[in-house]
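Each of the next two complexes has chain A plus one more chain, namely chain B in the first and chain C in the second.
Then we have the complex of A and B:
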C-alpha cells in the first residue's frame, strides 16, 4: 500500500499544505483539535467558527461546517449557533487579539453566562497577521514591532492571563485549561476534555494553547522551541485551571 | 488532488522507513530540533516553498520514536518501524 500523510480524518485534504507560515503553532493546535474530533467521532456535528487574524486561515481547514466571523465576534456567533441548534458541537477558534483585545468582552460574558460552547485560543505573544505588533499577551521586556525597546510594564501593563480570568468568572461546570504546542499529546487531552465538557452540556469550556510565531519573532527552529518551552511557561502556567466537579485549590 | 499526489521521498534507516512528503514540508525545522537522536538533517530534496526539506542520515540511529511526525505542523512525516 502506498504511504499517505497521517492527517486527521476531519482535515480537508484538498486544502493542504495549509496556509500558515512554516513552523506556525496553529498547524499543531489544529492537528490536536482534528485528532480530538476524530476520537470523539463528532465530525458530522461540529460547527467551527474562526476569527480574524492568523486564525482565519483555518476557514477551509476542516471538513466541517465552518463560519468566518468579524474580529473578536467568534464567541457570540458560535453562541448563537449553539442556542439555535443545541445538538451541534460548536467551536470558537481565535487568536490572542480576537480573544483578549477586541473580543475580551464576549469571551468574559460568555463565560459568565456559562454558554455550552468550546473556545480555543492560540496565544503567540503578538499580532501575527498584521506584522508582529504588541498584543495583550506580549511578555514583559519582549521586543515587537510596536515595542522596539521591549514591553515596558509601567506604561503598557502586564500580559493578560486569559484562562485565570475566565476561571475566576465562570460558574461550576466550566472547563478551563492552558496547553502548549511543546506537548501536543497533553494539548490534545485538554481539547478533548473541553469538547467532552460541551457534549455533556456542563458549561463553558476554554483552552488556551501557547504557540510559536517564528516569522514575527524572527527566530529559527531552535530559538522558537526555546521561547515556547522556557520563556512562555514562566509567565503562562500550563495545566488544567478549572475542571467540573473538582474543588479549586 | 488526492493525498497520493504529494511528492515524497523515502529514506531507510536501520530501524525505520522514513517518508517525507516534500509536497507538504515547508522547511520550518521544528522536527530537527525535537529529534532525540539528532539524526535528522536538511535534505537536498526541496519542499513546497523551495526550501530544503528534512531526512535522517542513512543507516543511522533513528529509533522510530515518531517525535518528528508528532511535532510536524503539516503532517509531512510518516515513520514506519521495521519489523
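Then we have the complex of A and C:
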C-alpha cells in the first residue's frame, strides 16, 4: 500500500507533490499555514490569494478558493475581496519582492488602513522565480545575479525590515511577527495568531517567514540551513513585534 | 435593504460625474474602489455621500493600481464593483484590466479623458482611446462605450454593469472632462421601470460549502506554462469575444443615406458633427455623420457600407489620430479618400467643422 504522507487536511492532495524546488522553504510555510487553517477550522471561509514569483506555484495548493494575481498585487486583490465579503478569511501570500518592492505601497497602506486581512510574506533574500536577482531583503555583501560582487550598502542600501516597517505603521489591533522555517512550530503559532486576529476582526495581520532558496543561493542542504539559521537572523529578528492587547517585545 | 435611489423617472440638471454616481447606484452597484484624479473626482465625491444611504460601500485606495485590483477582488467576490479614473490613472489601471480580460472578471471602469501624454491637462481630450481600447499586454478583449451626453453617461453606466456581467469581459464607459464637469439635463430612472433587469452577479471566490469536500475549490489563475497552452487559452478568449461582438456593437448614423461627405467622430465630438451636418444640409451640401457608440468593438461592416457610396470621409477627433487608426483598420481595403481634422486635447465646435468641410469643396 502506498504511504500517504501526513498532510494538512486543507491541502489539496491532487496537486501534491508540490511544484517548488527541492529544499525550498515555501512548502514548510504552506504546511504551517495549512495546519493553522485546519486547527482554526476555517477552510470553508478562506480566500487565498497568491502573488507572482515562486509564490504563484501555490495557486492550486489548498482546498480553498484561491486566486493567483500579478506581481505585488495580491494585497489589493485580497483587500478588494475582504471589503466586498467581510465574512471571508482573506490571505495574501507573497514573496519579499512582491511585498517590499513592487507591491510595497499596497502592503504599507493596507497596514495603515488596518485592513482585516492576513499577509504572509516569504523572505528568501532574493527573487527566486526570475533567477536570483537582488531583492530588498538581500543581505549586505550577498551575491546575486544583479549584485554579482555582493550587495553594496553604499549604493543599494540595507535589507528591508519588513515587519518592523509594518509594525511602525499599523495601529492598535494589528498583529505583526517574523517567523522562520527553521522553527515551523513557532511559525505556525504566529500564522495562527495572525489568522485569529483577522477572525476576531481586530486589524491587519502580517507574518514574514524566513526561508531558503538553495537553487539560487547555490547551496547544499547544510549550507542552506546554516544561512537560514545563522546569517538571516543577524538582520531579521525572529519574534512577535506587535500583538493586540500585549505589550510590545 | 434601503429603498431604491431613484423611483420611476426623474428629470435632473447635474454634472456628468454626479450622473455616473447616480447611475451606479441605480444599477445596484455594491462597491466603488477609487483614487483621486481630475476630472473624475466627483464620481467619488457623490458616491461617498450617497452610497451609505443605500447600504453601498467605498474604499479609497493608495493608487490606481490598487483601485483596479481591489475592483477585481470585489467582482471576484460576486459584487457589482466599479472604479473611475482618467489619464495617468488610466495607465495604472491597465495592469488590472489585463487581469480582468484574462480571467473574465466583469469589471466596470468609467474613464473621464483628460489631456495627454503625461500629466498634460486636467480638462479634456479624446487621447485615451488607444489605451482604453487596447491597453495592456493583451488583445483588447473588452467593450468600450464612447458616450456623448449626460443621458448616455447614465444609460451606458447602467448598461456597462449588465454587459460586463452577462458576457464577462471588462467594460469601459469612455467619457471626457467636458462630460464629467459640465451640467446638463437628463432623465434618470429606475432601470426596472424601463424593463431593464440587472444581470445577476456570481461569485468566483468564497462560494458556499467546504472546498474539496462539498465541491471543487475555485482555483483561478492567469499564468500558463507553455506556449501551446497560452495560445489555446487566448484563442478561446478571442473566439468568445468575437461571438459577443454582434450582440454589443452599437453605432448611430445621421443623414448618411445620400451623403457624399461623411464625418466620422465619437464621444462628445459627435455633437459638433451633428450640428455641422445640420448647418451644411441647410446649405444644400450632402453631408452625413457616422458615430460609433461602442468604439471597441467597432461597427466595421456598417461603416464599410457607407464607404461604398461616400466620396470622402473626414475623421474628426480631439486626439492625433487614435480614432482614425481604429477607422482605418475597420475599413481596410476601401478606396474612399479619407481626411482628418485633429485637435489633440482641444474641443471641436460645429462651426469649425462646417468651415473645414466648405474649404474642401
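The rule we apply is simple: the second predicted complex is superposed on the first by the 245 of 249 C-alpha atoms of A that agree within 3 Å, B and C clash if a C-alpha of one lies under 4 Å from a C-alpha of the other, contacts with A are read in each partner's own complex, and residues count from 1 in each chain.
Keep this in mind: a residue touches a chain if its C-beta (ideal position, glycine included) is under 8 Å from a C-beta of that chain, and two chains touch if they have at least 3 such contacts.
Note that the structure is a prediction, hence the values are computed from the model and not measured.
By the touch criterion defined above, A:81 reaches chain C but does not reach chain B. Residue contacts after overlaying the shared chain place A:62 against chain C, while chain B stays out of touching range. When both complexes are overlaid on chain A, the residue A:105 reaches chain C alone and has no touch with chain B. Contacts of A:225 after superposition: chain B is touched, whereas chain C is not reached.
When the two structures are aligned on the shared chain, A:43 is found in touch with chain C, with no touch to chain B.
Using the contact criterion defined above for the overlaid structures, shared-chain residue A:118 touches neither chain B nor chain C, since it reaches no partner.
Residues of chain A that lie in the contact sets of both chain B and chain C are absent, per the superposition on chain A.
Across the complex, chain C meets chain A through its residues 30-31, 33, 57, 59, 61-63, 65-66, 68-74, 76-79, 81, 95-96, 99, 203-207, 209-213, 217-223. Residue ranges of chain B in contact with chain A, taken from their complex: 1-4, 6, 8, 10, 19, 21, 23-24, 26-30, 32-34, 48-49, 51, 69-71, 73-76, 78, 80.
Of all residues in chain A, those touching chain C in their complex are 12, 43-45, 47, 49, 52, 56, 59-60, 62-70, 73, 76-85, 87-88, 105-106, 108-109. By the touch criterion stated above, chain A contacts chain B in their complex at residues 2-7, 11, 13-14, 16-18, 20-28, 31, 181, 184-185, 214, 220-222, 224-225.
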